[in-house]
Amino acid sequence: MSPLFQFDDIVGGYGEVEVVRGVSGQIEPGRVVGVTGRNGVGKSTLLKLLFGSLPLIGGAVRFRGRDLKGTSPAQRSRDGISFCPQERIVFDNLGVWENLSLMQSRAAVEDFAVFFEVFPRLRERLRQHAGTLSGGERKMLSFMRTMSEGKTLALLDEPTEGVQQENIDHMTDLVLQARHDQRSFVIVEQNIHFLENVADYLIVMDQGRIVLEGPAVTIKRADIIAHLGV
Amino acid sequence: MKKFTSTLIKPTRRQFLTSTAGALALASAPAIIRPAKAADNFKIGLFAALTGPASLFGPTQKACAELAVDQVNAAGGINDKKVELIVVDGGVSPADAAKTGIRLMLNEQVDFVVGSHDSAVRQALVAAFKGKLPYVYTPIYEGNECAPHTYVIADTPPQQLDLALPWLAQHSGMDTVYMIGNDYVWPQVLNKYAKGMIAKLGGKVVGEEYMPLGAPNKFEEVVTRIKAANPKLVFVTLVGGDNVNFNRTFAAFGADKITRLSSLLEENTLLGIGKENANNLYGAMSYYANIETPRNAAFKQAYAAKFGAKAPNLSLLGEDCYAGVKFTAAVANKAGSANTAAVAKAALNLTFEAPGGQWTMRANRHVDKDMHLADATGGSFKVIKSVANMASGQTCT
Amino acid sequence: MDPLILTQGLNVLFAVTLLVIIVLGLAVVFGWLGVMNLAHGEFIMLGAYAAVFTNQHGLPFILAVPLAMLVCGTVGWLVERILIRPLYARPFDLLLATWGLGILIREVVEAFYGGGFHNVPVPVAGAVDVLGASYPAYRLLIIALAAPLIGLMLWWYLKSSTGARVKAMVGNPELAQAVGIQTDVLARNTFIFGSLLAGLAGVVIAPLMSANPYMGLDFVITAFFAIIVGGLGSVLGLFVGSGIIGGLDSVVSAILNRTTAYLLVLAIAVFFLWLRPRGIFSRV
Amino acid sequence: MAYFLAFSAALVALVLAIPAVLGLYWTFQLSLTFLYAIVAIGIGICWGQGGFLPLGQGMFLGLGAYMSGLILVNYSGSAIIWLLLPAAAIVPAVLAWGIGLAVFRGRTESGPFFALITLALTLLAFQIANTWNDVTGGFNGLRNIPDLPGMDGYDARYYFAAGALVAALGLAAWLINAPLGVVWRALAQNERRIVFFGYSTTHLKATAFAVAGFLAGFAGLLYAPQQNLVTPTLSGFLISADLVIWTAVGGRRSVIGPPVGAILIGVLTTELRDRVTVWEVIVSLVFILVVLYLPNGLVGMLAPLQRRLAALAARRPKPVEAPPPAHGGLAAPALGVDGCHLSVGDVHILDGLSLALEAPSIYCLIGPNGAGKTSTFNTITGELKSQSGDIRFDGVALGALPPERIAKLGIGRKFQIPSVFTELSVRDNIHVALWGTRARFLDLLKPSLRRWQTPVLAQLRQRYPFLENDAEMAGNLSHGERQILELAMSLVAEPRLLLLDEPCAGMSAEDSQIVIDTIHWARQTLGLTVVVIEHDMALVREIADHIFVMHQGSLLAQGDVASIQADTRVRDVYVGITV
């Protein structure tokens, strides 16, 4: 029985520039893989390659055992993969509510109650343009959008960047809850605390390659910081 | 104008150059290849509205002229030469028309030009021909074209209004008149002339409005205003689509109990206006397709015989091209050539026949002609009064 | 109330309503999709000729609606596929290509129907008395029907978040893809939808002014001005823009004259293009 | 340049021959088409070079024609016309220039809105021409315009028009090959970028539009006496649209493209319109196809040939020593950023940021994503304006200055994503940077600037031989080479303060090393101050004399490498514990 999601020897980047130079991994249902590393080591690029926003130069991505070669991001989303990018994370020219209900036109505000409980500010700003939100609020909005899609697998790029600690804690709870519901995540993060709290498995990247990986419990923080810090 | 005549290039050189041009032309690009020139034909260039806003008239202009050419040829041609018609586009910008005019003059070497197009293009052609070529201007216009060797067989304001206004004054009253037209020379001149007559007839102009030409016009507001002013007569000098849309709106607002006189009301325009919108709508021109005279009957029969069921709608704008060719034939035969001086001499007081009636070319190079006042109520023209040999009222010398 | 003033008031209302109807299609194609379709007027013209066709063949006027939709839908589909799709990223070329397209459509229609005027009788003749001012029934009908129809569209627009999706696609294509919007399909359908609306407008207009191949030119520029003044992609802006352009045009025509009104509209358009190119209620 | 001269010579010969060879008819035909061609050349300059589309050139054509017509009608026979007539070309030019300044000011985009403005204006022009009877003669136009002295007869008219066309071609060729043309093309590709080399895009675009206005007015000047009639249609929208169509079909990017299009279609139309009923259909189809598949028009199909000729022309002529930068290029003065706040909506991008760069040395600016590093660069270079606080460079307050002025003060920057002008040659790329801080606006008309050479450039060429292949299109360079080219561009400008945003992003270790050496070298030879935004700590350790750590829009810590590495707060923000 093949894993839910699997990527082998991924190579790719922008144009001829290889940013990711051969990264492999896999993930089972109800598991969370954390990817970390310094800025510019190719973490975001990796996610984009996995989701198909960037073309693969080498390697293969499989979802539920099926090779995703040639399927558009839109198709992957329909097949059950959520993507929460790091840049241009919300539709600035749409309202908060439009951002949330864009693909679920039948949805009612109540359906998002569980999120609004922890992110009340967004409820207050339902009609406001997402472009006018603060960086942190946008992060929460895009996180909320991704989680509410309820897809089998979600790829999150720096969800906690610029988010206050208390909200990061809420995010942690939500991810853990979803994991408990057998949903899986690949989370790119620099916030080690967050990763330590949610991830079963950690990958540390540098220069586009994996320099350290293993079950979260087995990896010591000091080792990570050695790769991460200044 | 003196400078122009001095610019005339000596015939010998002209002959030489153009023949070289012809030779080269045949040799070079396909664009220049043209049917080998039958030297001994009498060539008439016809400016018809093949493109542009007036292009709805193009087909009938072409057809009528072709019919006339057939008849002239059947009658032995002009000065024993077979008449050849070269149709070109008059629906273009003045500058482009001038280019075509020069082509007709130098390359096709036409003997005569008959033109049905707007006044701006006429100015351009006059400037291009510089009187080196007899030029017949046919469509209804504002008058005042006095260029040498330019023969105008068009209806003029006096011909239209001397007929229409007195009759309307008598039958529907002229106490108050509202004028609406497009903002350019023809309506302005017509209104100027009309004002004089209205005053003589004891009428009063209560409103005068002009609509921008070539702008997206709408007429609800104007019609409402006119309806409120409730004049005895509305004098409409709008053209084309504006004329159609004004009259439709006028009727839609239930103002069509008021008498309307339209200066350019021909068959196609009336079709556009629609029979349900044509109550109390009058026009005064030298031709309507259903004038009941033997002459017109014959013309229509010949027209139908040549073009059959698919024949384009007959109207003044076509008939006057027919007349233009007929005039050309008459004057050139009388002059014995197309030489401008000879033609000028022959043209004086020359009488010739048009489907609309008998026309006579006067010294002012305009024609006296039979005019008809028609009632368009019900969507078809009913001629209610005709006057023979009305003068053009032009003062050219 | 003075019937004259009342009638002029109705004229203003009608002018604005008609402009909204004319602008709707372009609001979708230009306002949402950002496609400067200079051939919009020709799509309206095609719609009008659908009415001409039904009239010539003695068919009931209402049949012109499905016919117009069929014609404009098909043409819209073809145009999007061949002309628009390769040029989404090249606004100038889009502008020019659609201008060429406009000429093409005009010429083709002229080849079939000639340049002449075609009378489409008003489906609802006569006038209705409104508070002492009699007003043409068909125009009143347009005003009356436009309100609920446009209301319906708005409702649909807000309910089915299609409009939002289009704006999402235009504003942030990558994210749109990421949330599962098939952008190419959506773009195509949007363009076709805009073309349909244009065709519908044509049918409505046909009985007001007789159809001819050049009528489109009269609409397209005014429509662009209305949208720019209102603001791209904004529903409210669509009405405000039509209100300002159409209303101003009508009011000035009523009080002064057409020429002034026309020049004023041009001046306003230049002013907005220059100082507020994104309009009053821009959401793009 | 050389082949343009040769080309022009051939052209003149051909043009002179035509009347004798083709005869009067063609002489007349071409006289008018030549005038249209002149207008088209102007459109080519705006659209093909400057990258903005004028849809209303009829307005200037008409203005010129009416002015010329009125002058001739009123003063014919007196010598004063020779004084007055030039106004018929100059007034449209000035008008266009004014419109350009007004519309382009404060806008670094020239989207289709400019096109729509010109369209609306030409509609206005038409109505005025059509209704102002007393002056313009209304619909029937200004008639019986006398000939220009010596311009009577078809041949004379032809030679006037032909002469004018050749002159216009010469002017266009000169402008397009002058530095100004290079900068125009750079602008068309990346308007935002050239601002930071010290160019005012407003003036550049307004100038292009003024040239187009001049050419249109000039054509109008000759139109009046040539046709002896000027009508409103001349200033209408349809002619304006046709002119654009001709320009596109001929090829907007080259000098000869627009006139070729105008003459070709003009001639074919008069020839075929009356014979081929579907002529209009054909033209519109051809136009659509060209727009879709031939962005460079018919002439563009000769591109390979042109490129070969261009390559010949491109061998570097004798270099000219360039003057020092306007700012003197003295050793780096101090930069002080003091308490800058910058927020959009309620997002605080900069939150009381203060930095002080006293001694010339290499500073590194680090910090987690969203700390505001790039925004700091944007604020210093004037692209973003901080709502409060004060930025001083060499004692000058930068707050109010536009980006191009700040660049001229000697602050250069290099973007994270290499933004070289891909459709320009390597040499042109370098020159655009070279001129920015050295040339005054009018200098851009001197061809000699294209031979400029500086010691810095020479040394850079030694370091990076690929900078020597002058004719190579920057678009064909590899990513690494582009990075280096842009670095070289920001160095030849000889700034006093250089801001580098991730100069080594996406480069191999080897390339990165080369870049680092260059930075060191520049630091020593030019004595400038360098600020580097960098994530790669290895690189930071190697180059940084002094490190600024930013966090959430303000300065968290600063000091030398060791002290920063020791700083726990810094480590924490990197590891994600908010402080």
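All chains are identified by letter, namely A, B, C and D, in their written order; residue positions are counted from 1 within each chain.
The working rule: a residue touches a chain if its C-beta (ideal position, glycine included) is under 8 Å from a C-beta of that chain, and two chains touch if they have at least 3 such contacts.
Bear in mind that the values here come from a model prediction, so they are computed numbers and not experimental data.
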Imagine chain D is simply missing while all the others stay put: what groups of chains do you get?
one piece
Chain of greatest Cα-centre distance to chain C
A
Comparison of A-C and B-C by number of C-beta pairs in contact, larger one
B-C
Expressed in whole Å, how far the mean CA point of chain A lies from that of chain C is 43
As a quick test, compute the distance in whole Å between the mean CA positions of chain B and chain C.
37
Centroid spacing, where centroids are CA-atom means, of chain B and chain D in whole angstrom:
52
Please report how many Å separate the Cα centroid of chain A from that of chain D, as a whole number.
42
For chain C, residues contacting two or more additional chains:
221, 259, 262-263
Expected list for chain B, residues touching two or more other chains, is 183, 212, 215
Note the residues in chain D that touch 2 or more other chains, in rising order.
127, 131, 280
Those chain pairs that satisfy the touch definition
A-C, A-D, B-C, B-D, C-D
Could you pull out which chain D residues touch chain C in their complex?
47, 53, 102-103, 111-113, 115-117, 119-121, 123-124, 127, 131, 241, 244-245, 248, 278, 280-281, 283-285, 287-288, 291-292, 295
Going by the contact rule at the top, pick out the chain C residues touching chain B in the complex.
4, 7-8, 11, 14-15, 110, 114-119, 121-122, 125, 127, 134-136, 138-139, 208-210, 212, 214-215, 217-219, 221-222, 249-250, 253-254, 257-259, 262-263
Touching residues of chain D toward chain B in the complex: what are they?
21-26, 28-29, 32, 126-127, 130-131, 133, 138-141, 143-144, 146-147, 152-154, 223, 227-229, 231-234, 236, 238-239, 267-274, 277, 280
Quick one: in the complex, what on chain B touches chain C?
53-56, 58-59, 183, 209-212, 215-218, 220-222, 224-225, 227-228, 241, 244-245, 248-249, 252-254, 268-269, 271-274, 276, 312-313
State the interface residues of chain C toward chain D in the complex, per the touch definition above.
36, 83, 86-87, 91-93, 95-97, 99-101, 103-104, 107-108, 111, 221, 224-225, 228, 259, 262-263, 266-267, 269-270, 273-274, 277
